[in-house]
Every structure is written in structure tokens, then in C-alpha cells.
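In C-alpha cells below, several structures.
The following pair of complexes shares a single chain, chain A, combined with chain B in the former and chain C in the latter.
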Partner chain A sequence: MAISVRIPASLRTLTQGKEEVAAEGATVRAALDQLDKTHPGIKERLVDDKGVKRFMNIYLGDEDIRFLDALDTPLKDGDSLTIVPAIAGG
Partner chain B sequence: MSARVVLVGLGGIGHPCALALAQCADISLVFLDDDRVERSNLHRLPAFAEQHIGRYKAEALCEVLAPSAKAGLSVATERLTPETAAAAIAGASVVVEGSDNFATKFLVADACALAAVPSVHGAAIAWTGTALSVRPKQSACYRCLFEDLPEGESLDCSSAGIFAPVTALVGALMAQATRDLLAHKPSLAGTITRFDARDGSFRRHVVRRRHDCALCGDMPSILSIDRARYLAPTCAMGASP
Partner chain C sequence: MTAFLRPPKLDSILDGIGNTPLLRLRALEPKGVEIYAKLEFMNPGGSVKDRAARQIFLDAIACGELTKDKILIDSTSGNTGVAYSLLGAALGYRVTLVMPSNVTQARKDITRAFGTEIVFSDPMEGSDGAIRHVRRIVEADPERYYYPDQYSNASNWRGHYLGTGAEILSDLGDKITHFVTGLGTSGTMMGVTRRLKEHTRPIVCLAMEPADAAHGLEGLKHMDSSIVPPIYDRSLHDGTVTVDTDRGWDMSDRLVAELGLHVGHSAGANIFAAMRLANSLSEEGKTGCVVTIACDRGDRYFAPMRWEKRYQW
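The block that comes next holds the complex of A and B.
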């Protein structure tokens, strides 16, 4: 499944400044695994052994994947993931 | 009797929010910030100029706004701490949190939830800004969105910088959210609004209440303010994206 992932400003150092990158996978977990191969280090910024990190959110469309099947949430072609981290600037 | 709005943090996002709310005749504003104006702040604090450098942001802003403000203005040049939080927000109709560090954000979120005071939380980093308003017991809270303080690796404005216009826009969003909460409108409470200056896009995500939220869930574990929960580094100012 070919999807797009919107990258927040705080993680764009890992995507060469790109705000949106492509990924592939049948689930969110698989997509993040694939994304980590093209953009090493990004997965560990998003998830730990318990799942999505507690100060991160990953949305599939408009829905938080925690309220779907978390990292096992299935994906279909054209889906869009959005990463929303806690930020504290001001 | 006017609504009492407490603004915690008068930096890049709290400052423009204060400029907007100061024109509301039906509220009284309390400016709470222990920070002083620095030269590197001036590009995102439009009411200030050279002569304000070194002064308390809260005092200087009150002085600048007083001649034209329709809202009542008062000042506290002290840092919000776990020991002072409950008293600082007591009697508030809404607390507007525009601080630059996670410890204060979570402290305000917790203190407001425990006191059943609505709150508005804003943040900005690099090209992105966010605003979230919270209506206790009715909408998702800040901890429904972010469970706890980041563990050292999150970027802040000292490492990613801030594009100044983003802070002004977030301040405007926060002011509008405050008005909506005060008017008891079926507002965007529980919805996080995100702005990305690179493509000028706004996106909104509904934040669902978590049944296992430590603050507002079915079996909350946060029942009081405990200093140990709010240990995190602060954000140095002045970087550019």
C-alpha cells in the first residue's frame, strides 16, 4: 500500500527537510518500518516497545490510530498519516 | 462581573493573544510571567521596542496596553510553580497557556483540570503552531493528547527555532478559542488546530477523550499537584528555523 506521511517540523531533519514523504506498508507498523529504512532514525522517535510514544500522536486521516488498531491499523493505497508531536516553543 | 482570564506566558504566542484579548471590555486579564524582554525576542513581541529590553514582560505589556485596553489588566511577575499554581488560577474563567516549556504546559493542564477551569494551550516551533482548547469533563484534555512530558529527545525552539509570524497566528487562534470558551459556544474544545507556515495550511484533528487518561479518565491517578511530575528542561529563546 502506497501512502503519504506528513512530517512535523521537529522531525524534518530526518527527512532532509521534506514535509511529506512516501511510504509503503499494509499496516502503520509496516509503513513505519519501511519509512525507517529510507529515513533512518525516524521510527525510534515515534514509537517504543509500548507503541506510539506518549508525547506523539499518529493520525490516519483525522483519526488517532490509538482509537483504531494502533500500530496494527490497516492501510490502503492513498492513505495519509500525520505525525503530531508535543511541542513547547512560544 | 467580568470574566477573569489568566495568561500564563507572555512570549511569542502569549503576547499577541494578550493584544487581542485586551480589547475585550467584558474580561479582566491577569498577566503571569517571570521572564524579561530580551533583544532576541523583539521580532515576535510587536508591542515592545528597545526601551523594554530588560523589563518584565508582564509589567511592560500592561504598561503598553493600559492606555487603550478595554479589559481590566493586572500583573504577576512570578513563575508558575507546582506550589503556586492552584492559587494562580483560582477564580479564573479561562486560563490561557502560552509557555515555552513542557513542565508549565502540563502543570497548567493539570491544575486547570483539577479546578475544573477551561484552558487554552498554544505552542509554536519552526514553521508550525498548534492551539488546543479544553473544556473540563466535556472535551479531551491536554493529557488525552499528550500523556506526559517528553523524555529529553523532543526538539524545542532552541534547537528548531521559530518563524515569528507563526507565533502571532497561534496567539490569534488562542484569543478566539478563549472567546469561544467564555461564550460557552459549541466551540473547537477538544480539537487541535495545526498551522504550517510552509504551505499555509490549517489542519484540525479531533482529540478523543481517553478512558485511561491519568487526568480526566475513568480512574484518574492525578488527583493533586505533585512537583515530581513537572521536571523538564526549559526552552531557550532566540533561534531561527
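The block that comes next holds the complex of A and C.
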């Protein structure tokens, strides 16, 4: 499944500044695995051994994947994932 | 030395800002080192940001930059917005805030309760996106707004120089050996450090930053990946330490469970940094007194965010 992933400003050092990158996978987990091959280091910023990190949020469309099937959420062609981190400074 | 005491009767809500207590954290102390947290959540707006906002308001009114026909506008990740809103209501000035749309619902609701208007910026761009957004608004209509820009406004750190830093010295006197706190706008660090460095005996001042750009310590800045606040001067303090998000969150959990101290994640990270520093001093056989800041209360993070809507509270 070919999908797009929107990258927050704080992770764009890993995507050469790109706000959106392409990924492939039948599930969110598979897409993140594939994304980590093209953009090494991104997966460890998002997930730990318990799943999506407690201060990170990954949306499929408008829905947090925690409320779908988490990392096992199935993807279809054209889906869009959005990564939203916590808020910094001031 | 002047004693800073909270008066039993207040003439104005502004007079309730500052003179916060220091809480000794005995449960976290290693042998020979004391640890204190300055309880900034006891300010009327519920956070350390009341101090900077009060100084910004008072200085801007005194010099004539802020008048009643202007709207005070600034970008904020939340607590400064609450403080501006409280002061705006108390002093009779209109306030508009630019915040990333993913700030907690509590922050949105609290600021609106004071009559503040909120403009939302792109959540994907974080607090730097909010800074760029407010600059565009002000450039389009400069006469309409007073834009204090908390990141570049010397009143921000002056509030801490005159208040926080002076109070710490008054309350602990010669006892304090180390100060450590996280960087957001850097106002607390810059103001307190300037005051502590004037003390006759050297006091080591350390800044704390999140360990990673993609962190979850709301309110703090990872400087290397952020717009560095113009008021931030790295040469003032003695060094920088980093704290992982998980260590900060775990410390917040521990503080509420074991000490009854319910603070936000940035305060958890501050207290973790203070404890780690105290431990390293103790391991070297040294004695000392480490002071840090409890920036805000944990309940400010309670309101279910969108992604928490099915959580059981």
C-alpha cells in the first residue's frame, strides 16, 4: 500500500526537511518499518516496545491510531498518516 | 536582606504573583545534598509564566507601548497565554493569543474564560510555527497590536531577576550551591541566573533541555532544532544538561504518588535534573543545596486531548 506521511517540524532533520514523505506497508507498523529504512532513526522516535510513545501521536486521517488497531491498523492505497508531537517552548 | 513574604491580604490579583514557597524534597535527597523546588504553580495563573507576563505588562504600560486602544498579541504554548489572559482581564486590556491547535483543551478553555481571543497555528509546525504566525498577523496590521514577543522581551527575564532569583537568595541565603531549570523562552534561566551570579559566593547555574528534538516535555525547547530565543545567552550559565522525556514523565508520576506533589512534565524533568545533579554531588562526597522550579501543576494536562477521548479518567 502506498501512503503518505506528514512529518512535524521537530522530525524533519530525518527527512531532509521534507514535510511529507512516501511510505509503503499493509499496516502502520509495516509502513513505519519501511519508513525507517528510507529515513533511519524515525521509528525509534515514534514507538517503543509498548507501542506508540506516550507523548507521540500518529493519526490515520482524522483518527488517532490508538483508537483503531494501534500499530496493527491496516492501511490502504492513498492513506495519509500524520505525526503530531507535544508542544515546545513558552 | 529583604524578606519576601506573601501578604495575608491582597489589593489586586497581581499582588498574588511571586513569593512562592520552596518545597524541600527530602524523599529524593542523597546524603549531604538538599533539594528544593520553587512552587511556581502557586501563582494565581497556575504557572511560573505569571511572573514574566506581569513584568511584560507593567513595563509596556509604564513606557507607553501598551495602551487601551491596542490588543496585546503573542504566541504561546499555553501557560504564558493563561498569564497574559489573567493580567489582561485584571488590568483591562484585550488579549489575542496564537497557539498551535494541538495545545491541550484545558489551555484553550482557561484562556477563553478570561475573554481572550485565540488564533490557532499549524500543529505540525509547533511553537515555532506559532511564532511565525503571530509575526505575520502583526506585520499585516501593526497599529492594531502591541506584540511583546516573550522570546525577545527583556521584561521576561527581568521578572525572574527581580522576583524568582531574589526570593531564592532571600529564602536560602548562603545555602544554595546549584540551580538548574529547563529552557523554554529561557526567561526563568536568564533572570534567575543573572541574580544568583551577583551573589558573593559562586552558585553553579545549569540549563536543562529535552534530550531530543521530538520530545514530550511541553513548554521546553530543544535549542539546536528550534528558533533560539533572542533573550537566551548561553554564556551566562555554567553548562547544559539534557533529560529524556520518559525520565520527566516518570518523575511527575513518582512525585504525585510518593510526595503528593502533582506537577506537569516540565517540572518533572526539572526535578529529575535536580535529583541527578544532587546524586552526582553526593557520589563525589560533596555537600550542597540544589534548587529547581516546579513550573505548573499536573492538572493543566488533565483535560482529555483528542487522542485521549476514550481514556478512562
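What we mean here is this: the second predicted complex is superposed on the first by the 89 of 90 C-alpha atoms of A that agree within 3 Å, B and C clash if a C-alpha of one lies under 4 Å from a C-alpha of the other, contacts with A are read in each partner's own complex, and residues count from 1 in each chain.
The working rule: a contact is a pair of C-beta atoms (placed from the backbone, for glycine too) under 8 Å apart; a residue touches a chain by one contact, two chains touch by 3 or more.
These numbers were taken from a predicted model, which means no experiment stands behind them.
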Chain B versus chain C as contact partner of A:22, first or second or both or neither: neither
First (chain B), second (chain C), both or neither touched by A:45: both
Partner chain in contact with A:9 - chain B first, chain C second, else both or neither: both
Overlap of the chain B and chain C footprints on chain A, listed as residue numbers: 8-11, 19, 45, 54-55, 57, 59, 64, 66-67, 82, 84-90
Residue ranges of chain C touching chain A (in the complex, touch as defined): 75-78, 80, 100, 102-103, 123-129, 150-151, 183-185, 210, 212-222, 225-226, 229, 245, 249, 265, 306-307, 309-310
Residues on chain B engaged by chain A in the complex (per definition of touch): 9, 11-14, 98-102, 105, 122-128, 130, 145-151, 153-157, 160, 162, 167, 170, 192, 194, 196, 198-199, 203-208, 210, 235, 241
Chain C-touching residues of chain A, taken from the complex the two chains share: 6-11, 13, 19, 45-46, 53-57, 59, 64, 66-67, 82, 84-90
Chain B-touching residues of chain A, taken from the complex the two chains share: 8-12, 19, 45, 54-55, 57, 59, 62, 64, 66-67, 82, 84-90
